[in-house]
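A, B, C and D are the chain letters, set down in written order, and residue numbers restart from 1 in every chain.
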């Protein structure tokens, strides 16, 4: 095939963005002055020179059909001079300098089934991953979990009902490609990899596999004459790292996977430093197609935050203010001994002080 | 000797304290209401019933002669009904319900050479250790360092010239028996232990010594036929732990010891959680009998804190507020790469955020 | 073609051309995900499958339904590539080829987006057309590393597809032990907080490293993320190896008029409770009803600027901060990027060249000191920040740590 | 007797009985430490040596002077003990016995103090007399672990000396891998903040463990410290294995009158800037010029009570908190005690018995799970807090951590 090929690859890197910018953006590039949020889903940016740009943001399934993308393009052609962008959270943004067009854009997006929202103090689209649709180590299907969650949180996306931004992520294994978030929904394999001793010697570089394990749980072993490996069932904590080095370290299992929910992850530097999410619910069933148990817990956490959080206070900042004991009480979640860190830097998470809160009579 | 001995040991534990309490203390035991500080070195405690107790606090050398102790007892007999106590920081406290006696007590203490002070927002006596006078691994003499420092800080002990309490400790090896403090002055051995291969086999349990090393720097080795040990010069960071298990791991050395100064240690839970001291000056010479270089740095740190600290703000809290960069600037100390942690939990001390301060023009 | 789960409620069938037999097999569990207000990826897939009658889509739907029923994934990885490249394509073959022959292959092309994720409709329409021609028609906008993911193509079609989109200015992104695709926030294109040109730097850097993106030759993956200010909208600190965060180092700009207006509109209590009292370094205070900023003590968290965007803006002396070593969970647990260069001026091309040169020095250090499958953050943690700084020739500053060391366990000279 | 450093400036000589030859040898460097306003231990030693003419003191001064000149210590450890005990005495013999024969032995008796370090003059005078009779006359008040250190005695005199002071109610403290001497703050004897009886508990606990103090049988040392409130005046959190910190769990007591007086005296600004704004959990706020406390959010740091001692006091429901695992630098670096039991009521004897029983369970767990020379904090860090809690039968609560785990790396059941 390479024979009858006349095109010479151009290693161009990222697609050029110059002709992807709306004229108003070009003109005011780097000259924006401030922004406002006229209504949910809409941003109004004002430039030093006085130019104005309206942005309408809408959620997408992320796993888009060309049909959907073409429909979005139709709207962009009709109202936005043929320009559009996507956000880092899989939302689409349609921009126009013309306030009059905002309503029409919202209408058009709604008609093709895309919810307008995700701007300001609300839930926005979920950072999610591949799952059963495409990955090779997923314990669940990310897109399905996201769809189920967002059906429940629809109003929190299209309305302003929360103290501040709420970022949610969901990942289909502990590797967590979805990243840190106010609420991270992460499934976890819950048993050590099983090894096919016939295949492994042929397919994998055994020393590389041994080296991959963070807790040195993998040791070489000879099984009926064949070079193979064995996993120390006590040490292994199912991280899946070895599977990445060798697909014969079979970590996938129909029974043994559970969901955990992590709260207080924060990427911005606003007020508090960026922070990692902390485990507050575990062993939730991996229950397709709607994962009701996971959904219910997420709802409870948002509910408590909604009623107790203060303006601009992110979920984790709210918890820091009221204390973890109070968080578990007001979300009716159970703190278990597994939520006490026991990994590398566990000591640094211990409360090495006498500072402690006690619920008062009326609260008890 | 055990023969002609008729006394049978009583394993009584701590000496009984009942008859060591002043009558006014007995009467108001657990019934104190509040306290005031009428003047430096003096506390006034008021009981619920209205009783009052004055306390005069004075510094001591800690390494006391029976002569000095008897003189103090004379004062206690004369003015305090024969009662006295010492503080956890080696200060002596003379108590009386009678305000009139306070001045006399101060006079008497001063006459026997003991400075009255150490109460409230000031420097108090130094937590110190044994040093050359008594310990077996000291790199310096604690009592001498303390005497030199306190001669310089005398006014900070007897007067109120500081934003809040300042606790100082000094230790004669990295083990730091003196503990955490606002300013900890700790000498450190700076080269690996040297081994006498002839003696070690006879005197020490080699496996125990090997096990004692936190960085696995000690390995068994045979030296001209004798079982011995060898120290990996690259790994060893001179902690001295092996010396504790085996005196032949000769860590003491006339040349290779240096002082470091650690600031921001705090034991109380007031406001901020208890915190560890952080290294801000290193490689200061071990220079008896007066250690001028160490003395000078301590003075500089106190000076900056004196002028910038706020009421009730401990030294480490002041630094947290203004930032470490500012601290190094205003104390004219040099931040070096060795001050970046590289031990077990080093990562947790990295600035994993974009939060950073910049001196402004007028400050630059 | 494989039929499964006959007793499914056939919800999917409802959309079938009235009367005519449905192109798709029943997918009762997946059909549950067509319900509810949020846009449904299942509906999209089924609609496109019915229109295009692409058997690959049917096979993938069948296998996915089976995954839902058996709670197991059935894809296995492999190697698929285009001429001259070693990465950029995630190969997927079904483990159940006999059961789902139509799902035998489902490879994904990771295509680098345009910086800031800005597009014009022509770019996207052309891409859609090429993808419908050669592949499944399923596109993820965007992957978590920022790629346009063209999902579902057979190995035989890969080269032609790539050649076609490459002619339209698209190039593959990273995969494996390589430089990865970058992400940049919308930046100066539409954000008043941008302290440097995120789009321009993203384009320059990733173009420079194009070779390292296409031909894996590192210890492990390396990711850049470009955020115009410390709000870090591209999640650089936890999700990239080298986070480029916009920064300023002079005083915050204050528009006194706008400030007055803001305060009278929102009230003094709101100012005190939600601005002044939220400043992490207490650099804000109130004086005669006005907000006073102690800029020397400001840690550039952005909060006050975020809340009072009409009145406050980053200062005039703008540039960026370089943070290093972020990653997520695997092996050592998540870690955030560490502050390495607090302020780096970025104006002309020579600044961009300086930035790229420094990036190369950093990556070279990592490649010569790191282990296999070790992210640079792990290498720095293992060898020490001191060794890293010496290796790349950067000075140690207190800005790199939250506090100096609290243990004496380091080697001093003797 | 050994004469050294003839060219010393003989400062020491000045105090010598006019004309007569000085009992002491020149110690020029040490003499530098007689200068200055702070009380001088050198002066004290020399004065006592001249009065008592104890050669041991002269020898020790000579060796110490030599240490100052050569920057090296010359004591080596060993074993010295009294009948029935295995510890409590730190043995010191000179490495330079030929050079300083008078300093051949310089052993130290660690003597347990009376709780709260309260004394009457008779106790101390008797102790001084015994010590001058049998030992050097040098006493440290107090060692960092709280002992009265009787420093400087020959092995031959140790038993008689101990028998004599033991008859006066004194007992030896700990050394080696044993229960160590305890420290308690002045507590209810003279402090309004005391939430439990530190003196009584100290006495009860250390008497109970007397056997473990005298006969080393642990993995390593174990220290108790007793502080009556979170000000932790006994430094329990960083300097003991088990810190007993006074605690209350109902509302802070407010004396409205005293509060009003305090505010009018110190002013509103001081209240806001130095009390309200310093509360770590922002549990304080201002309402119509008065201080309001959100007790449910108070973390019991003591600050507001410390500043407004006339107006505020710990609540009525008082007891103690138990924290575990503190130690200083050696090997792993310093660590602070971790909150284990947030509130433990301590009123009657049965509460004290409960406390002692729990302490024993904890120590047993450590002795059966710890390594040689491993402090309990290190054992807990190595095995995990979860394992510790299971081992001693305590429930896990959020109060034990600053935040729950942020990595998924633990074993769940399967």
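Quick note on the criterion: a contact is a pair of C-beta atoms (placed from the backbone, for glycine too) under 8 Å apart; a residue touches a chain by one contact, two chains touch by 3 or more.
None of the values given here were measured: they were computed from a predicted structure.
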Chain pair with more C-beta contacts, A-D versus A-C: A-C
Per Cα centroids, the chain farthest from chain C: D
Rounded Å distance between chain B and chain C, as computed from the means of their C-alpha atoms: 50
Where chain A and chain C are represented by their mean Cα positions, the distance between them in whole Å: 11
Per-residue overlap in chain B, given as positions that touch at least 2 other chains: 174, 176, 214, 239, 255, 269, 273-274, 276, 343, 345, 347, 352-355
Overlap residues in chain C, where contacts from two or more other chains coincide: 230, 232, 237, 245, 280, 300-301, 329, 333-334, 336, 406-409
List of chain A residues in touch with chain D within their complex: 174, 176, 186, 188, 190-191, 214-215, 234, 236-239, 255-256, 258, 260, 262, 264, 276-280, 282-283, 321-328, 335-343, 346-347, 349-361, 363
Sites on chain B touched by chain D in the complex: 1-2, 5, 7, 9-17, 19-21, 25, 29-30, 32-36, 45, 53, 55, 59-70, 73, 76-77, 82-88, 90, 92, 95, 113-115, 127, 129, 131-141, 143-144, 147-148, 150-151, 154, 174-180, 208, 211-212, 214, 239-241, 244-245, 247, 252-255, 257, 265, 267-274, 276, 286, 288-290, 310-312, 343-345
Complex contacts: residues of chain D adjacent to chain A: 230, 232, 237, 243, 245, 247, 249-251, 280-282, 295-301, 321, 323, 326, 335-339, 342-343, 381, 384-386, 389-390, 396-414
List of chain A residues in touch with chain B within their complex: 269, 273-274, 345, 347-348, 352-355
Residues of chain C defined as touching chain D within the complex: 277, 329, 333-334, 406-409
